[in-house]
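Have a look at these structures, which come just after this line.
Both complexes shown next keep chain A, but they swap its partner, so chain B is in the first and chain C is in the second.
After this line comes the complex of A and B, so read on.
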């Protein structure tokens, strides 16, 4: 495809230096198309504009989401976990997240292909250093209660979440970044976020990625379970806290016509009954199932499994401040024993991608692909053990929660490290016992010498880096304290430019391979089993299901 | 005791609501806002004071009145218990009577051995097998106990048949064994011999004299099992997605939602006490000797 230099120059003339640098990287081949789309969306470039830029650069069109072949008017039945609380401000359970986003919407959406798409905001832009982000709101958006969504509602939503007294899980993402009062209205359809420090990927924090940021009316009084007032494509029909909920299309929805006549969400306390219900034809979709849970469905010709690559992972952490794991050679030796390919092919049935002992998943555009991949090397591991004076091995205990594939994973690790003389005992606890109070000193998770943890998907690795690895991290279970890492992480989080992010990410990745506070062996895919013939179901890696385009083929 | 027992369970209410990725400061703040960081005695007396005034309180997790939740769950449990008893009582009694009348013959052995084997089979195993066979392969019965909104009573019973079957398997052996033992004892008694000797047919003897005496212990067993059917069906309720009181209490315990936990346990305990009382009452109604003994 030939390059149209005139058109390209014309399009570029309206863009900022930051945006033009991204295009330079794309044209020169340093940034591939997926990364171009993804980071372009973070900077607020719309998908049509990115498509025109790509065509003008002679690099082809961008994919579009099609709705062809979907019959409207269907009832889509979804199996999901029983929600705990429905208040969007305090939302934390997977079932609650799924239900609230049926009626509520976000400023932007982290799509299944990890591109940020506009939703209640039509565009956004950072200032030069990324400390102020301006969002333009969509006009003509109605709440289910009748009022129009305007800047006051958005400001109130974020002030509510950033209020330290809100006790919102969103504070994990906003603390030290967005204060109450720092979201300002410029006019009815424009707002600004004034951040405490520069954040290069800030739009992710106000997207569906941060599920508490559903835009609520300014008058919201904590009564969501009664009002169900949002701007989304569905409105509530019926809700029974223990049995399920049903939704019907919202007639005044601003977006494309909602195709299903009705959606039903059936609550389950366990995954096994959901699998039986899907096989028995009583539900059409399971919101999420792990690879182990899905084994029975993988060979079922009546079931399709939608797989979304994610940054979700199971980490193994080793305390860097106490023996024997205070020696980085021992930690590296443990990591070198892990057979990542076997984990992906065997344990995860191919529904995962190999990790390289840092939270930089291959799906992130900022991940530096030139960093060498750590592979299993028992001979090198034995040398490291010898160098550390541990050639005779030692006894240790790994503590883990009884969650998903973790116990099976731990058994494999136990067998692998035995080859270098480590006699690893397993201690499996239920999740609540393991998490304890989730505070240092009263949580096995944060206190044990060696443990495991499940981390859900994030659009950007900021939370993994800042909360679980920085010296000041809330969940730094490895007790990893490294000034260089802290400085690099701050630089990474602040960087606006993709190539600058990648350069810093590469340094972090190499440092983590050297220090190895933990093992990040694989990043799982997010699986949603769907009955064959049901089409247009769009899950993302946050456990959210977009059903407005769903129907029967 | 329930309250103190729940305190040793790990986790906190706020962690249940906010999820594992909430900031510890948010967890602490919410626990404070909900009042679950108050001294234990203050929490307990607060609840008991309201309870004595007919108020079961507000759920910590849902911030909604507990009373409707418990009563709704109780209603569901009563329906499942009723259907299960309707199926298992006639089956168990007939099985026990037949086994007793054919004592030590192959039919007796089949009923006794089959009943005992079914009793020891865990509900989640028999439940999954029944779902696979009757629900998924044969498509005879719906695999979820949750009937559609507005379903009539017959439809509701239809939806409750499959969840009742694992309970039938558990209780059949127990009830049939009691009926069998009672029957054998009654058949061998003097009054049965007298009834035969005075010329009654065997059918008349069994119906008029044997059954009435033989089933006394069985009635007691059936009534006391109602307590188990009301509060002890967590596995069945989870497997068949049934919102009964057993899973309500279990969830409340795991979430440390004390008002629901206390109220649920109190209601189930009350029902258990009442059914035990009913068992005693029915025993005295059926057995004149007990009544006379009481009169003395």
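After this line comes the complex of A and C, so read on.
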């Protein structure tokens, strides 16, 4: 496809130096199309504009979403985990996240292809250093209770979440970044976020990626379970805390026509009954199932499994401040025993990508692909054990929650580290016992010498880096304290430019290979089993299901 | 003195003959001996290391290479099936012995002394037995931490009240008999009367009750393992394996669960057949 230099110049003349730098990278081949779309969306460039730029640069059109072949009027039945809390401010359970987003919406949406698309905001822009982000709101959006969504509602939503007394999980993303009162109304349809420090990927923090940021009316009084007042394509029909919920289309929805006549959500406490219900035709979709659970469905010709690559992972952490893991050589030796290819092929049935002992998943555009991949090397691991004075090995205990494939993964690790003389005992706890109150001193997760943890998908690695690895992190289970890491992470989070992000990411990735506070062996794919013939179901890797375009073929 | 005390040798011969005539007892013994042999020597004749994973050969169907197939980690299920009896046959009998010792001692005390001792201890037993055993066991394990010792203590203590009640009932009738009065006239102390005079005469119901309790203990250990509160991975324990793999049934991977379930069932049936045979022989 030939380049249209005149059109490209014309389009570029309206863009900022930062945006033009991204286009330079795309045209020169330093940034691929996926990265171009993704980072362009973070900077607030619309998908049509990105498409025109791509065409003008002679690099082809960008893909668009289609709704072809979907019959309207269907009832879509979804199996999901029983929700714990329905208050969007305190929301944290997978079932709650799924239900609330049926009626509520976000400023922007992290799409399954990890491109940010406009939702209640139509566009956004950073200032020059990324400390102020301006969002333009969509006009004519109605709450289910009747009022129009305006800037006051958005300001109140973010002030509520940024309030240190809110106890919202969103604080893990906003702490030290967005204070209460820092979301300001410019007019009824324009707001500004004034950040404590520059954040290059800030739009992700106010997108569906941060599931607490559902826009609520300014008058919200914590009674969501009664009012279910949002702006989304569905409104509540019936809710039974123990059994399930059903939704019907919201007539005054601002967006495309909602296709299903009804959606039903059936609550389950375990995945196995969901699998049986899907096979038995009682439900059409399972919101999420791990690879190990999905094995039961992979050979079923009546089931399709929708897979989305994600940054979600199972990390193994080793306490850097107590023996024997206070020696980085021991930690590296453990990491070198892990057979990542076997994990992906065998345990994950191919539904994962190999990790390189940092939270920089290959799906992130900012991940530096030139960093050497750590592979299994038992001989080198033995040398490291010898250099650390541990050639005879030692006994240790790994503690983990009984969740998903973690016990199976732990048994494989146990077998592999035995080859270098580490006698690893397993302690498997139920989730609540393991997590405790998620505070140092009263949480096995944060206190044990060696443990495992499940981390859900994030559009950007900021939370993983800041919360679980920085010296001041609230969930730093490895007790990893490294000034160089802290400085690099702050630089990474602040960088607006993709290539600057990637350069810093590379340094962090190399430092983590050297220090190895944990093992990040693979990043799992998010799997949603769907009955054949059910089309238009759009899951994302955050456990959210977009059903407004769903139907039966 | 009682007939056992008067002619113990003849009584034992009679009992042995009755047991050897009992089909259910012999069948039970064969089943249990098979599993004991597996527990003791299984590791020496299984075709694969029961802990050795081969993740790239996971969930293989039963075949000549893997008679019972492989589990999700590619481990040979037949090898784990054989060796899996080891932990359950260690924990369940020890828990039963502990429960029997404590229960018998308490049953003798309450039945012999009666009065305030009987009232207080019996009410405590009733309160304890009113709570579901598995819930009590779970609470204790959460408080004490998971280990084989904890499971033995918890199940042993949980069974003690029912054994104590059985012993108490037997002691209540025995304490009124002449040989007990004779012992008192000889100024024997209470401990001697309870443990030397009365105990041999209440042993038959104790033995039967203990055997029945053993089958409950097998279920208890398997249940705790299934719930994740018993033995820890990578133990080939049957309950643990069922817990780890039961989700596979829906996908058609029946072999990951069926053989372990059959193993538990056969061991429980074997123990129950022994209890049945004992009961018949002792009543004869």
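Convention: the second predicted complex is superposed on the first by the 553 of 553 C-alpha atoms of A that agree within 3 Å, B and C clash if a C-alpha of one lies under 4 Å from a C-alpha of the other, contacts with A are read in each partner's own complex, and residues count from 1 in each chain.
Note that a residue touches a chain if its C-beta (ideal position, glycine included) is under 8 Å from a C-beta of that chain, and two chains touch if they have at least 3 such contacts.
Bear in mind that the values here come from a model prediction, so they are computed numbers and not experimental data.
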- Query: Do chain B and chain C fit side by side on chain A after the overlay, or clash?
  - Reply: fit
- Query: Given the touch rule stated above, what does A:427 touch, chain B (first), chain C (second), both, or neither?
  - Reply: second
- Task: Examine A:93 and indicate which partner it touches, taking first as chain B and second as chain C; both and neither are also allowed.
- Result: first
- Task: Pick one for A:293: touches chain B only (first), chain C only (second), both, or neither.
- Result: second
- Task: Give the angle at the C-alpha centre of chain A formed by the C-alpha centres of chain B and chain C in the superposed arrangement, rounded to the nearest 10 degrees.
- Result: 30
- Who does A:276 touch here: chain B (first), chain C (second), both, or neither? both
- Note on the structure: chain A contact check, chain B vs chain C, more residues touched by chain B
- Item | Touching partner for A:322 - first (chain B), second (chain C), both, neither | neither
- Message: With both complexes overlaid on chain A, does A:268 touch chain B (first), chain C (second), both or neither?
- Response: first
- Kindly classify A:243 by the partners it touches after superposition: chain B alone (first), chain C alone (second), both, or neither? first
- Examine A:456 and indicate which partner it touches, taking first as chain B and second as chain C; both and neither are also allowed. first
- Distance of closest approach, chain C and chain B, by C-alpha atoms in Å: 7
- Note on the structure: Note: overlapping chain A surface for chain B and chain C spans 272, 276, 279, 430, 433
- Which of the residues in chain A come into contact with chain C in the complex? 271-272, 275-276, 279, 292-293, 295-300, 342-343, 345-347, 402, 407-408, 410-412, 414-415, 425-430, 433
- Query: Can you list the residues on chain A that touch chain B in the complex?
  - Reply: 82, 84-85, 90-93, 164-169, 171-172, 175, 225, 238, 240-244, 266-270, 272-273, 276-277, 279-282, 430-433, 435-439, 456, 463, 474
- Item | chain C to chain A touching residues, read off their complex | 51-53, 55-56, 58-59, 72-74, 142, 146, 228, 232-234, 244, 246-253
- Along chain B, where are the residues that touch chain A in the complex? 9-12, 14-27, 29-30, 33, 61-64, 69, 72-73, 128, 131-132, 135-136, 139, 142-144, 146, 149, 238-241, 243, 247-248, 251, 254-255
